[in-house]
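Since the structure comes first, as structure tokens, the remarks are kept for the end.
All chains are identified by letter, namely A, B, C and D, in their written order; residue positions are counted from 1 within each chain.
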Amino acid sequence: MIRLQYSLELAYTVLTPSADFFFNFHPAFTPQQSVVQEHLSVNQAGATWQLQQDADGQRSLRLQAQSGPLQLNYQATVEMRHYSDDPESIAEVPLYQLPLEALRYIYPSRYCQSDRLAAYAYDLFGQQAPGYARAQAVCNWVQQHVKFRSNSSSGTTSAVDTLVECVGVCRDFAHLMIAMCRAINLPARFVTGTDYGADPALGPPDFHAYVEVYLGGRWYMFDPSGTAIPMGMMRLATGRDAADAAFATIFGGVTSDAPRIGVVAEHDGGQWQLPVHTRQGLSTALV
Amino acid sequence: MIRLQYSLELAYTVLTPSADFFFNFHPAFTPQQSVVQEHLSVNQAGATWQLQQDADGQRSLRLQAQSGPLQLNYQATVEMRHYSDDPESIAEVPLYQLPLEALRYIYPSRYCQSDRLAAYAYDLFGQQAPGYARAQAVCNWVQQHVKFRSNSSSGTTSAVDTLVECVGVCRDFAHLMIAMCRAINLPARFVTGTDYGADPALGPPDFHAYVEVYLGGRWYMFDPSGTAIPMGMMRLATGRDAADAAFATIFGGVTSDAPRIGVVAEHDGGQWQLPVHTRQGLSTALV
Amino acid sequence: MIRLQYSLELAYTVLTPSADFFFNFHPAFTPQQSVVQEHLSVNQAGATWQLQQDADGQRSLRLQAQSGPLQLNYQATVEMRHYSDDPESIAEVPLYQLPLEALRYIYPSRYCQSDRLAAYAYDLFGQQAPGYARAQAVCNWVQQHVKFRSNSSSGTTSAVDTLVECVGVCRDFAHLMIAMCRAINLPARFVTGTDYGADPALGPPDFHAYVEVYLGGRWYMFDPSGTAIPMGMMRLATGRDAADAAFATIFGGVTSDAPRIGVVAEHDGGQWQLPVHTRQGLSTALV
Amino acid sequence: MIRLQYSLELAYTVLTPSADFFFNFHPAFTPQQSVVQEHLSVNQAGATWQLQQDADGQRSLRLQAQSGPLQLNYQATVEMRHYSDDPESIAEVPLYQLPLEALRYIYPSRYCQSDRLAAYAYDLFGQQAPGYARAQAVCNWVQQHVKFRSNSSSGTTSAVDTLVECVGVCRDFAHLMIAMCRAINLPARFVTGTDYGADPALGPPDFHAYVEVYLGGRWYMFDPSGTAIPMGMMRLATGRDAADAAFATIFGGVTSDAPRIGVVAEHDGGQWQLPVHTRQGLSTALV
């Protein structure tokens, strides 16, 4: 089992009389991930906020702030007990048997135009035996096809752009993998977390984007950018793509500093272990 | 109140050993729309199917057919009692107060890249007073900007294409209106129905695509292509855009004939009236 | 040597008071291609036209017609004596030594966005030894990557679309090959001709689009769609891409029938031979 | 008449064994623009270069440098005597009479997809009387539609993007105006110069991009970004769009500093006058 100490500092300046913030930085509640304790403080007396939880266990904070500086400090202790399974035993679910909840993740979305990639994906993966290994093959192909480069994409960059231009950040790797999976009728979705285990050369700890594919009746994690250790990627928000699951969506005139994130894994030689790479299929999703 | 006799004939030939069909042609169940009686017949002995209903009252049919001809005949009697309100009394809901369900319809989607249209939409509608009239202004602008031409778009045509090329069919008008609304932070979504009242010169009765905007705590109908009479547009499926709400999604090798659709409104001088154009705000959505 | 009998019938109806036509259907004059005799007849008494020749030997016909039917009949006898060379002996020209005329064909154009494909092309061909064989490798790759399907593209389809969607007609194969070549700094351009040798299953004889790459101080022909026999592809127009070299550009309200094209190769067992596939590098361009 | 003192300092570091540079920073030679004296110095002993002039009077420098620092210093005295005419007297040239040289500038190019903008442009300008005033109306519309913002676009941003996103720098304004002009069959091209008269708040003196439209048998200047004084925009390179006329195209591994540009206008109360805004049609192009 994994136990993470997660801290977050956000600093903004609101330039308009007020501004609305929609945040997705709280760890989700799922059977595999629990929050032992957490604390949020907001420095602005005039700010109001509410925390909401959806049917998937995702928690969203909406906050209305007034003109002036705004700081949020959040810290939590998060425990994860991953569902884990042998890749060889994880089959694809036939289309006809997909639950409605999974079915909606085979359709194209803003950044994952799977409708346009049908032939491309079929050429690469159409002949491969269905199963976890096929999703893994998509993941590996994306990792090879795309080169990680900081600041190489923008808010309008989509899977088609990344396929063509072969460069991106973790969100772009995720979008391309999702689009390719959907193009071969594998339900796939976008998840945000934190980049535990990322090479410090890429910068300070940061939010992360990865992929879940619906296989064997469950959502399994894949990390197509290969920059983090999946076992340590605390789950935050889920969506069709980055349009749904941004860590922050802001309405109003606001300047911001880079978020400061800390994630430390406890290890005591017994119950709590450090996240490590594994070839097992892992899941933290509410089924 | 409106009472429609709806009939549908679908004819396919399955070329592969089997094929999966996901249909959205059943009228939705909402407080404003009820199905008095309905009957579905499928000609193929080997076909299996199931009908599912989601939390919004939308009904989806999934069907697995075997190689060979496949015909579906569906007929239903549908009654609609629209929620109706005076446009002047319908306000916009402040962002901060949007329910989660509405909030997810302000984000961009496959065919509605509202993120790219922010400045364009703001220039046109940013200064206008919030409310139903502003959504109507978007609708009117789309109707003026785009010219209806049959077969002028394809399955990959998006709101950005329609904005630039100024031509499309009902689905393209809907996508552009949705994108423009979201760009000014109005939740908007894609609805399919039937094109009651459409000019026969445009062809035989057909499925239709229109828009709902979340205003005053409710989803109001808009018909940006202006080709149908909204009061007669029986509600089928709802989604972020056409990616979610296609009348049929087919997996397998299949040829198809054009669907044959019939919609007849009853009128008896009393309870049942013919659909007419109205300037009232109308809604058939489950709130 | 090749001797072709080329005939063309074009039929239009001009709906506006007048219409302007810019045609590129005359065989070009180059040292490798000569027109022994030709005859053009235009059925409309009120039509005026002029034929112009540019510095590359390309001939353009501009014609102004009046309202009503318009028919053009053109026939010519064309002789081709291809420049031919051993692929192993054809080197790439270092960038620094490219003549200005060739240099302008390394820049991106409307349908060949080579600027976006730099990394993709470099991954595939960047490590390969420079020379004719590298251009041939690009040609072969395009032929494998893209599937020929009639009517699968439109007037706005570009190399990026074809790369992503893996389907197209001869013009799309040409655009993708051109974009890939430019992306590795090989000057490449678009040429139109006729599809001598095409499989009759693809339809009646038609115009064709192919590619020229500047190698060893000369423009060599490549046929990425692989649908014709290069030795029989009579040269018509040259440009950066289809935007420059359309067989007809029409201004005014006009309906048209499909052009009727005939190309017959003479063979007498002596001087005149039938076009055949060859692995030699071929050129018909004015150097 | 205008007399400018033009100076330019360029500093690079070549990281690869060698690198090729194609520069377009020399003032063009035209009947309206002459270079009284000029001097180029290159600091690198191992560098070789040559200057070429094309039929339009544009001068291109190609330079091959070795690994290590590379500095170019260029200075010139340039005299301009603009062709000037009364806008009311400048007519459009009928398509049928366009010279081949102008005709090629009505086709779409990499960054100016006029083929997609036909309906949009026709709606705005199709009914307007032909002539200089119509080109000016396009220029004014672009200036209103697009907002200038430094660093808001990238090397792949095209006219369609700028139309949709309503933001850009001078090159984007130029691309949109060119695309709109071509869409109504006005030949239009891209010209680079220097931004004499630009607001110092936008930064130090810089290269500039503007537009020429073919009217009355001559190429007239338009400055759609409105950031400079056209009379002082020394002419450098001409092309279909920025793909053709970049100030520098570099092949090899190179880092660069921002170019340092100086342009000073002489004024002596007599022969030499300061550039001023005028409503006259101006031209510096070789006809």
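The criterion applied here is as follows: contacts are C-beta pairs under 8 Å (C-beta built on N, C-alpha and C of every residue); 3 or more make two chains touch, one makes a residue touch a chain.
Here the structure is a predicted model, which means the values were calculated and not measured.
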>> For the two copies chain A and chain C, what rotation in degrees overlays their C-alpha atoms? Round to the nearest 5.
In response: 180
> What is the distance, in whole Å, between the centres of chain B and chain D, each centre taken as the mean of its C-alpha atoms?
Replying inline: 48
> Taking each chain's centre as the mean position of its Cα atoms, how many Å separate chain B from chain C?
Replying inline: 45
> Which integer distance in Å separates the CA centroid of chain C from that of chain D?
Replying inline: 31
>> At least two partner chains per residue is the criterion; list those residues in chain B.
In response: 116
> Which chains are in touch, pair by pair?
Replying inline: A-B, A-C, B-D, C-D
> What does chain C use to touch chain A in their complex?
Replying inline: 116-117, 119-120, 123, 147, 160, 163-167
> Which residues of chain B touch chain A in the complex?
Replying inline: 20, 22, 52, 54, 60, 62, 64, 95-96, 100, 103-104, 107-110, 112-113, 115-116, 155-156, 185, 240, 243-244, 249, 251
